[in-house]
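Shared between the two complexes below is chain A, which has chain B as its partner in the first and chain C in the second.
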Partner chain A sequence: MADMIQILVLGLALGGVYALMGSGLSLVFGVMRIVNLAHPSLVMVGAYIAYWAFRLGGVDPMVILPVALVILAATGVLLYKLVFEREARSAKYSEMTVLLTFALAMVVEGALGTAFTNTQRVTSPDYATDAFFIGSVFIPKGQLYSGIVSLTIISALALFLKYSAFGNAIRATTQNRDAAELLGVNVNLVGLVSFAIGIGLAGAAGALVSFVFSFFPAKHWEWIAILMSLVVLGGMGSILGTVLAAFILSIVAAYVGFFFGATWSTLTFFVALFVVLLVRPQGLFGEKPELA
Partner chain B sequence: MPTIDTDDILEQRRAYNETLAQAADKTRAMWFPMAVMAVLLALPALQFVGNYNYLIHLVLFTASYVVMASGWNVLGGFTGYISLGHNVFFAVGGYFAGMAFARLEISTIILAPVAGLVAGALGYLIGLITLRVRGPSFIISSLALVMIFRILFENWEFVGGAAGVALKANSLPVEWAKLPYYYAFIVMAAFAVWASYRIKHSKFGLGLRAISKDEIKSESAGIDTRFYKVMAFAISAFFVGMAGAVWGEYLTYIRPNIFLIILVSVNMVLMCILGGKGTIAGPVIGAVLIVAFNEFFVATLGASEINILATGLIMMLCLMFFPLGIVGTLARHRKLPRILNWD
Partner chain C sequence: MSALLQVSNVTAGYGDGPAILNGASVKVEPGKVHCIIGPNGAGKSTLLKAIVGMLRIREGDVTFKGESVKGLRPDQVLRKGICFVPQERALFPKMTVRENLRMGGYSMRDKVDLERRIDEIEARFPILKERRDQHAGTLSGGQQQTLSMARTMILRPEIVMLDEPSLGLAPKIVAEIFDIMRVMTEDGITILLVEQNALMGLKHADWGVVLDLGRTLFEGPGQEILNDPRIQELYLGGRKAA
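Now for the complex of A and B:
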């Protein structure tokens, strides 16, 4: 029984980071209809920023998190202006952007691999290897902190979307781009800002990932499928759905790992992705099967 | 009341089609692919005058990608369904033939068509499932497929898990050792190009191209879109599987990180996009260019990371500025040289 609770706790603790990685992806899809396969590779960029800041300057990843967020958000603006704005008029827009982001992921992976080699890295602040004990159940501090930070950032994002005027414009664009434009929303600016926020969240997630998982440039392929499974299960574009899916799947994966071995725990995400796409393409909270 | 003689109309139509076909033939230069084939078949004679193993390897490598890219083109080019997971069939073909070679000592060259059929049958089954969705969902599901197969192959003890299985090298002297595989790939490449020409100009191919233009209209025009799509998936898997079969014996290894790396499937996609999706000559030109690029980067810069970076960059630039590819763009501006008009 204690084992079962322990696994639940570990699954929950990982869910937070996954949720933060997925919510940026979900936001970008919701507003821009871009399935950003490069998202995990940009998470990796955030992780490397945190890694080098920690290694060279001893800066805590938590401190570097806002910096990574801003750097990546700026990168997002640049990418939007250079690549995605001009694609908006393309006939096969959604397929085109999938391929483009896929190519972008390779560019980022290749650049990171060239600069930092494919060695496994991890930042190790004190709390990353420490844990709280409640009875016999232990909670790894690193994962707990990263989960709390993730949920804080996601809540801030949710409040921003719900209560600010610009957030309303973003939500309106997500629901119906043409109608929002008719009502005077500057959809291009909304696209730019939400793209920047989405990529910025990838940077923030990267700073957390840097001490939760060990990473190397080519690892983002695995994360692509993991993040896609969260976003698809949650219903593409729904941030609440993504967060819930992140917790559900990381708990299920933790149990699968416990019963069948660690190799099979990642398989949970991939199989879930496959099954959801085919059985319920709109996911838990999607309203209509937009992608199908 | 005037009667209409249907035979007469059919006859007229046939005659008209004949004139169209003749007009199309005038824009082609059939001698060019024939000449290329002749040169490639005679190429190994160079071994009599010196050591050209590297050149032979390069041509063989290009030919293997011509097979795969032409196969991918049936689904991705004609039908418009972009799969980033076709290296799964490369692996299935490779493992099927490789295991048969390791256990039963049957040459993979003989087994290649069978391995292709196995991959095709699996493609048919997978297509039945994944072709229920389209657009980005299909692309994502194809990526998930690679991840699933990678984990399965890495943990399947029978085929050696992550370490894979070493295959016996053939006993020919070193200057001739590559030749069986060389000819196998050249023949397969020629067959793949010829077959994709025949497919494109059949009723089946017309249906596929209709699907890529507008699937709903094609369905209402009476095309069994589901069957057509799944068959296109199976055919493309067949070619990729066939290439995989011989590739394993050529490398003397079957291992997940040879077959199930993302670069293999990206190359197939990129070659078609660069050369021109949905054209016959496109995948061939793309394969030649990309293999040349890869060799250039690896030979001059020596790092596979730079290779990944460059491949991604070429793909981005290609998608942004030449979405129709070389053949497609030239054809649109009516500047396609006759020697490249294979459609």
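Now for the complex of A and C:
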């Protein structure tokens, strides 16, 4: 019994970071219909920023998190202006962006490999190897903190989307782009801001990831598959759905890992992706999909 | 009387595609209800989209109060005082009724005034008040159309363009929709209506315009168009049976 609770706790703790990575991806998809395959490679950039800040200056990754967020958000603005805005007029926008983001992921991976080599890295602040105990159940501090910070950021995003005028414009654009434009929403600006926020969240997630997982430049390929499964199960473009999916799947993966071994744990996400696409392609909260 | 909105010989199409409008003209007089009729694919929706700048006008001109609005973006046309409710009703299905109304006033600076106007609208359309926290997507077709139309009134526009507001609604609900239209005209709003149901549309219209193959065939007072033998033959005959 204690084992079962222990696994639940570990699954929950990991769910937070996945949720944060997934919500950025989901936001960008919702507003711009871009399946950003480069999202996890940009998470990786955030992780390297945190890693080097820690290595060189001993800066806590959670302190560097806002910096990573801002740097990546600025990168997002540049990418949007240079690449995605121009493509937005193309009729084959969605298809084009799959290729573009795929290429971008490769470029980022190559650049990281060249700059930082392919060595496995992990940021190791004290709490990363420490744990709380409640009875016999232990809660790794690193995972707990990353989960709390993730949920805090996601909550801030949710409040912004629900209660600010611009946040409402973002949701409106997601749900009905033409209608939003007819009501005076500058949908191009909405695209730019959402993209910047989405990529900024990738940077923030990277800072957290840096002490939760060990990483190397090519690791993002594994994550894209995991993130796709979250976003698809949640319902493409639904942030709440993505967050729920992140918790559901990471808990299931934790149990699968316990009973069948770690290799099978990752497989949970891929099987979920496959099954959802076959059985309920709109996911938990999505509309009938245009994709899939 | 000088026209409030004048569409003159407009040619337009989607992207680089063929011209869908080929010399469409409409004259909109202040305070009146105008109804554009025409068969499927005549270009009625396309004409409204061209007026609000959702697609580029290739030739001809659109003037509002004597000033050209050709080449303006939809949000700029909106700010001039022309609201458009497209055929798809243009709601945000996963936002609440109240949030949908708020989006109607997105272009307003004064958000306090906006909230006040929304309260007014809720007072006039009690169903919207009753359903204020419900997602728009959960409303019935008639309620959705009511919300779309009520939402335009927040901006106190001069012209409201409605694309087939009665589409897919039961006759009793259609009557309610036309009642809302009457309320709008009482508020001094000029209406440009597109109706598939020509009988219904023309009956409520001061002025009728017949569009086919992207051009204006003829126009005249609603009753006259209704009784015009060409119409009887061309459109109403088949439509009645349908």
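As a working rule, the second predicted complex is superposed on the first by the 291 of 292 C-alpha atoms of A that agree within 3 Å, B and C clash if a C-alpha of one lies under 4 Å from a C-alpha of the other, contacts with A are read in each partner's own complex, and residues count from 1 in each chain.
Definition applied: a residue touches a chain if its C-beta (ideal position, glycine included) is under 8 Å from a C-beta of that chain, and two chains touch if they have at least 3 such contacts.
All values derive from a computational prediction rather than experimental measurement.
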Superposition-derived comparison: chain B or chain C, residues of chain A touched: B
Touching partner for A:180 - first (chain B), second (chain C), both, neither: second
Which superposed partner A:171 touches (first chain B, second chain C, both, neither): second
Contacts of A:109 with chain B and chain C, given as first, second, both or neither: first
Residues of chain A at both interfaces, chain B in one complex, chain C in the other: none
Contact footprint of chain C on chain A as seen in their complex: 91, 165, 168-169, 171-172, 175-176, 178-186
Footprint of chain A on chain B - complex, ascending: 82, 84, 129-130, 132-137, 139-141, 143-145, 147-148, 151, 154-155, 262, 266, 269, 273, 303-313, 315-316, 319-320, 323
Chain C residues touching chain A - in the complex, by the definition given at the top: 15, 52, 54, 73-75, 78-79, 84, 86, 88, 90-95, 99, 102-104, 106-107, 111
Residue ranges of chain A touching chain B (in the complex, touch as defined): 35, 37, 83, 86-87, 90, 94-96, 98-100, 102-111, 113-114, 117-118, 217, 221-222, 224-225, 228-229, 232, 263-264, 266-267, 270-271, 273-274, 277-278, 281, 291-292
